[in-house]
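I've put the structures underneath this note.
The following pair of complexes shares a single chain, subunit A, combined with subunit B in the former and subunit C in the latter.
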Partner chain A sequence: MTTTFLSTFLRELGSRRNLAASAALLFLLVVAVLSAAAPLLPIQDPLAIDTLNILSGPSQAHWLGTDELGRDILSRIIHGGRISLGVALSAVLLAGVLGTLLGVLIGFCGPRVEAVAMRLIDVFVSLPEIFVALIALALLGGGLGTLIGTIGLIYCPQFARVVYNMTRSIRAREHVLAARSLGAGRLWLIRHEALPNLYSIIAVQASVTFSFALLMEAGLSFLGLGVQPPTPSWGQMVGILKNYIYINPWSAVFPGLALFFVVLAVNLVGDLLQDVLNPELRK
Partner chain B sequence: MLRFLGHRLSSALLTLAIAAVAVFLVARMIPGDPVMIMLGEATGGDPAAVARMRNELGLDRSLFVQFSNWAMRLLQGDFGVSIRSGEPVLDDLLLRIPRSLELIAGGLLVAVLLGLPLGILSARNRGRLSGAISSIVSVIGFSAPVFVSGVILVVVFGVWLQVLPSSGYVPFADDPLLHLSCLVLPSLAIGLNFMGVVARVTRASLIDTMDNDYVALARAKGLSRGRAMIRHALPNAMVPVIAIIGIRAGNLLGGTVIVEALFDWPGLSSLLVSASFSRDYPVIQGSLIAIFAIFILISLLIDLAQSFFDPRVRATA
Partner chain C sequence: MTAAPLLSVRDLSVRFGDFLAVDGVGFDVAPGEVVCIVGESGSGKSVTGRAIMGLLDGSVRRSGEILLRGEALQDASEKRMNAVRGKEISMIFQEPMTALNPGMRVGAQIAEVLLLHFPVTRAEAMRRAVALLERVGIRDAKTRARAFPHELSGGMRQRVMIAIACAADPALIIADEPTTALDVTVQAQVLELLFKMQRELGSAVVFVTHDLGVVAGIADRVVVLYRGKVVEQGTVTEIFTRAQHPYTRALIAAAPDVELPRTPGLRFPTVDTDAIFGRADGAPASAPAPSSAAPVPAAPASLAGTEEDAATPALELRDLHRTFRLGGGLLPFGGKSLHAVNGVSLTIAPGTTTALIGESGSGKSTLGRCVARLDRPTSGDILYRGRDVVALRGDELMAFRRQVQTIFQDPFASLNPRRTVGEAVTDGLAIHGLAGREERHERARALLARVGLDPDYVSRYPHQFSGGQRQRIAIARALALDPRFIVADEAVSALDVSVRAQVLNLLSDLQDEHRLSFLFITHDLSTVRQFADRVAIMRAGEIVEDGETEAIFTDPQHEYTRSLLAAVPRIHLESAHRLRPLPA
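The block that comes next holds the complex of A and B.
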């Protein structure tokens, strides 16, 4: 199923009606390469202060202008992308690994554990995430590690719920029943029957969580609770530069647009993944 | 209906009680001593002063005693006194709750007034250019973070066109017109994001409902496709739309955190953020409880709206 999921996805990506999704994927690849290679690129130092050019508009020297300390905005957006995407990716990894583990284990633990664990998870999922993150970060203090940990843990229950629901339906299938009747233990079933059939749903959920995590990091950094200056992140740049919007309105708009285009692209690719997973949804 | 109402109300109160326990515990688990912050560097070194203050605040008693005292006072409407300003927390909350509710109502209004027609349009013109365009508009709305659309709105309407105030708050009693014009941009910022969600669900649900026999019957009677869609399919298609508003109520409330910071709107969320920075426990607890109460109230209203559109909901309660 894993290989058919991947090949269907690649085939759909090539077809003309999914032009938007393939363009989005290409865009994401370019952004990923730029972010990963940021220190090697021939761009200005994101921390270099230029007091003669404070909050200047787009110019030859600074393509997207400068911020409140005269730092190059283009360079800060590229370096900020490294941070924003890195934090979101790490948070998704944390949520994904922990959530998958939880979901699968709960799915194989028998009805009593299931009922209690899922009740707890439902409570967590229904909490408004940003308030939980806000309190946790304000009181634990900043730092990239705390930020990644908080965002990852917040999206872990959602992940666990999706994986659990799928595990339950896999558990009821004939091939699992066959393996069990041959004497397979729980761990063997998880390893050889459940996990291979979960990869596609994990991919879809990861894409959804990735755009949530990006937005959460941006929102927290915007409020001043996430990534701390001078390290740039997109949300933090908008949060600081919004104060200078009457002097140079562009400066706050550019990092915001960077975030918007990446989230849009992730959502478009995620939609296609979802369509490949559930072809009947596509009508 | 009355039984349904009673059932929902009691479960809402139970949720609120659980939230209160959680809020109390969270505030106690936090590292950092509020007494030290209050006394500051100078007197914080004096153990006698610290002990006296602890006793005054009741922080030296057991957790359970602290909680029951706190809960009893809460029931009497006493939310304690802000560590920072010395003012009663309740006064501040009562002042700010309506302001945040106003933002939420404004955002919801924008989301429904724009999202519903957009969803209907893209369902009706499926496979045509106008349908594709309305779908794209809803994805864009859905993907634009609240503060990005907010900043763009401020730049366009506040800085360039200068037709709307870009931030601030004026009490309704002082200047009703200015008050409402201050509300426009924040409501749009919250609402545009939510609009995408409403449009998407409306589209999917409407396309689904159009497959029903009773819609086919309406068409067979001679009704036009548009009329059958609006008069016969739309009311039934509303159930998932209302449900998603309930499921995403947390996002709507979360949106106020960003929007209040962006537009200097003195609501509940900005109170919570500033109290978090200064570890003002009573204010953190009070504003969290108020936010939970609003969240639970919205869910309750959504449940009632759902039972209005789909009476079967009542039977399952």
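The block that comes next holds the complex of A and C.
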């Protein structure tokens, strides 16, 4: 089943039943391209201040209006997406690489290491995420690097746990025993027997983590502990513009909507990934 | 056939998407008659059983007629079908653990059927459920009725299934491989029970199975299926004594016969479906014959002090113990212990095959894993060519790994789904650094040819092969390092008879050519009489009897060996082995 994971996924995408997921994937692709190409797009400078035109509603010149300093909101959403998505993606990569390595290694290190390491990981998983993030950022200060590092490390133990549990079930499979009986060492087992069979579950976990990371970044930036002005991010824009919601409600709504639709789309695609991975769970 | 069949299946077809699982199947079942539907895996026999019950997914397309006493069930409403199921037709499944509700006491599960179909009170239903449990031979039925399925053994669960199936006195029982998951002695008891109940209730039975030995013991009539089509049907006497179709004849010839005395050099008869039916499209073909000319890998590195020496046993086990601690967590004390292997001593001479026979839980697989050093014994010695296996380290361990290979039971689990067949069979060479990429590719082709597969399949993935072909790939992988000793753990048990014969023939050839020694672990007595030189019978971690194969089969000393031998279904129609009288 795992061998055909990608092809099944692509086939499922094409079927009518998964119209929403296909649309979501298309939407994410558009968002990703826009964010990646933001500096090249013929849009206004997201930092250009226009004090004569603050908190305006949608207009010809500013399709989504302007913020409290007269900056173009559309441009800031696109540039902000670059930051928000970039932070979330980097955090997922960090959590994914580190968590996968940890999970696989623990899975191949014998029962004693396993018992101790997994209890430690349980401790980390049980810590309230936002609380840990607040403390870390308050102590270390904001900044993109710290933000990515904090979010990545917070989601790393969950990743490790999922990968570890899967590794345990793979470890008991006969093909792993067969490789051991050929003389394969731990590294060979991890590289050739375990990892290739983990990719699909890693993909699913990454999609789940991605939407959490996106929301975490938004939450932290909303509170002013994440991305620092003038660099825009969606959560930070909502956080600042909420103060002016009685003057111009539009301005805070748009970055919020961007966040909402991207998280929704990620979840839809993630659900489909999940279905392809565990067809028996599908209704 | 008598005038009014109880069940009449006409031109039944079942289609899953593009796959035609059942193709125009038709047969009749008279009241009180036992009809066996026989076929190898993928023949559509189980699907046929389920289609009669209307138990297929909505997405599956079914056509044809299913007439129960003339009533067309294929058009019946779901409400009507619910009245039919359990009351008129009931079903027994292969795996009672998954067929029973794990969260419900077994007595309540039996009572449920009674409450559904009869106007009885709950108390009355429970009373009858306990009576039924007594009837299916469950002792202390009143207490057992309050047990959950997981608290019962496999055989007891199947007895509960039979009680549920018989609860409403059905006219027809459909039994789908009801004894395949059971040990041979339990199988004998469960079959006996099922047909005792059948006799008492006068029900007809449609019995789906792959095992011709079981068929010979129970059937009135037999329907032989191949790839969804009826190949042949007739009375059990017709099928077993004068079958018309070459496939039926080949299938019966290939069925292992526990009563056939050991004949050295005898080949296992195979079923050449390609010749009988023509090549099936899609499935990769098997190469015509394994060619002995295929290059054989380089001679193995010698394990110091283990030169070929006929006097030194290939393997010697001395008072081997393997104890598992259950529960107790991290702490080194507490919990219970399970003596999986309890004081086993065994000697295997070079170039010979020793069959280790035991039922599930006898510790035979644990023993095999200890021998291959995939598990460590708690105490005792394992000597491979005189060397202590447990003490091997470094280069010596690697040399051991080259010489001792394991073939596992399940060819679907023992091949990594993410590695091509070419990679899989040459992993050993890569691990031991014996060949570069180019050379490994050539070796992979030669190895596939060696086990009778097309060398061009090297870049395919395991899922593209059938079970038998996968098992040959697993054998090719074991052969890549030119081993001296092979632990085959139920290596042919999951295979259809036709494929099993091919694999056993292949293993015999390899043994002759390379003087291999085999530890052949199996629960199946019927195949080993021809295949093994010596037999060891294992029960509850101990070897109760071992000796020359013929001696064990003709003059078993231990009572357990005798009961095992007696329980093996015979392929002959002699009345001594029949559970029911032969049809006139």
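We take it that the second predicted complex is superposed on the first by the 280 of 283 C-alpha atoms of A that agree within 3 Å, B and C clash if a C-alpha of one lies under 4 Å from a C-alpha of the other, contacts with A are read in each partner's own complex, and residues count from 1 in each chain.
Just so we're on the same page, a contact is a pair of C-beta atoms (placed from the backbone, for glycine too) under 8 Å apart; a residue touches a chain by one contact, two chains touch by 3 or more.
In this text the structure is predicted, and so the values were computed from the model without any measurement.
Peer 1: When the two structures are laid over each other on subunit A, do subunit B and subunit C clash or fit?
Peer 2: Fit.
Peer 1: Which chain, subunit B or subunit C, ends up touching more residues of subunit A in the combined arrangement?
Peer 2: Of the two chains, more subunit A residues are contacted by B.
Peer 1: Now for A:263: first (subunit B), second (subunit C), both, or neither, which partner does it touch?
Peer 2: After superposing on A, A:263 lies in contact with subunit B but is clear of subunit C.
Peer 1: Contacts for A:131 in the overlay, against subunit B (first) and subunit C (second): which applies, first, second, both or neither?
Peer 2: Only subunit B; A:131 stays clear of subunit C.
Peer 1: Answer with first, second, both or neither: which of subunit B and subunit C does A:215 touch in the superposed model?
Peer 2: first
Peer 1: Is A:246 touching anything from subunit B or subunit C once the two structures are fitted on A? First, second, both or neither.
Peer 2: first
Peer 1: So, does A:193 touch the first partner subunit B, the second partner subunit C, both, or neither?
Peer 2: second
Peer 1: Aligned on chain A, what is the least Cα gap between subunit B and subunit C? Give it in whole Å.
Peer 2: Minimum C-alpha separation, subunit B to subunit C, in the superposed model is 6 Å.
Peer 1: Considering each complex separately, which residues of subunit A are in contact with subunit B in the first and with subunit C in the second?
Peer 2: none
Peer 1: Report the residues of subunit A in contact with subunit C in the complex, numbered from low to high.
Peer 2: 1-4, 112, 115, 173-175, 177-185, 188, 192-193, 196-197
Peer 1: Where on subunit C is subunit A touching in the complex?
Peer 2: 329-330, 369, 372-374, 397-398, 401-402, 404-406, 408-410, 413-419, 427-428, 431-432, 461-463, 474, 477, 481
Peer 1: Touching subunit B in the complex: which residues of subunit A?
Peer 2: Touching subunit B from subunit A are residues 123, 126-131, 134-135, 138-140, 211, 215, 218-219, 222-223, 225, 235, 238-239, 242, 245-246, 249, 252-253, 256-257, 259-260, 263-264, 267-268, 271, 283.
Peer 1: Going by the contact rule set out above, which residues of subunit B touch subunit A in the complex?
Peer 2: Against subunit A, the touching part of subunit B is residues 18, 26, 30-32, 139-140, 142-148, 151-152, 154-155, 158-160, 166, 207, 250-251, 253-254, 257-258, 261-262, 272-273, 276-277, 279, 284, 288, 291, 295.
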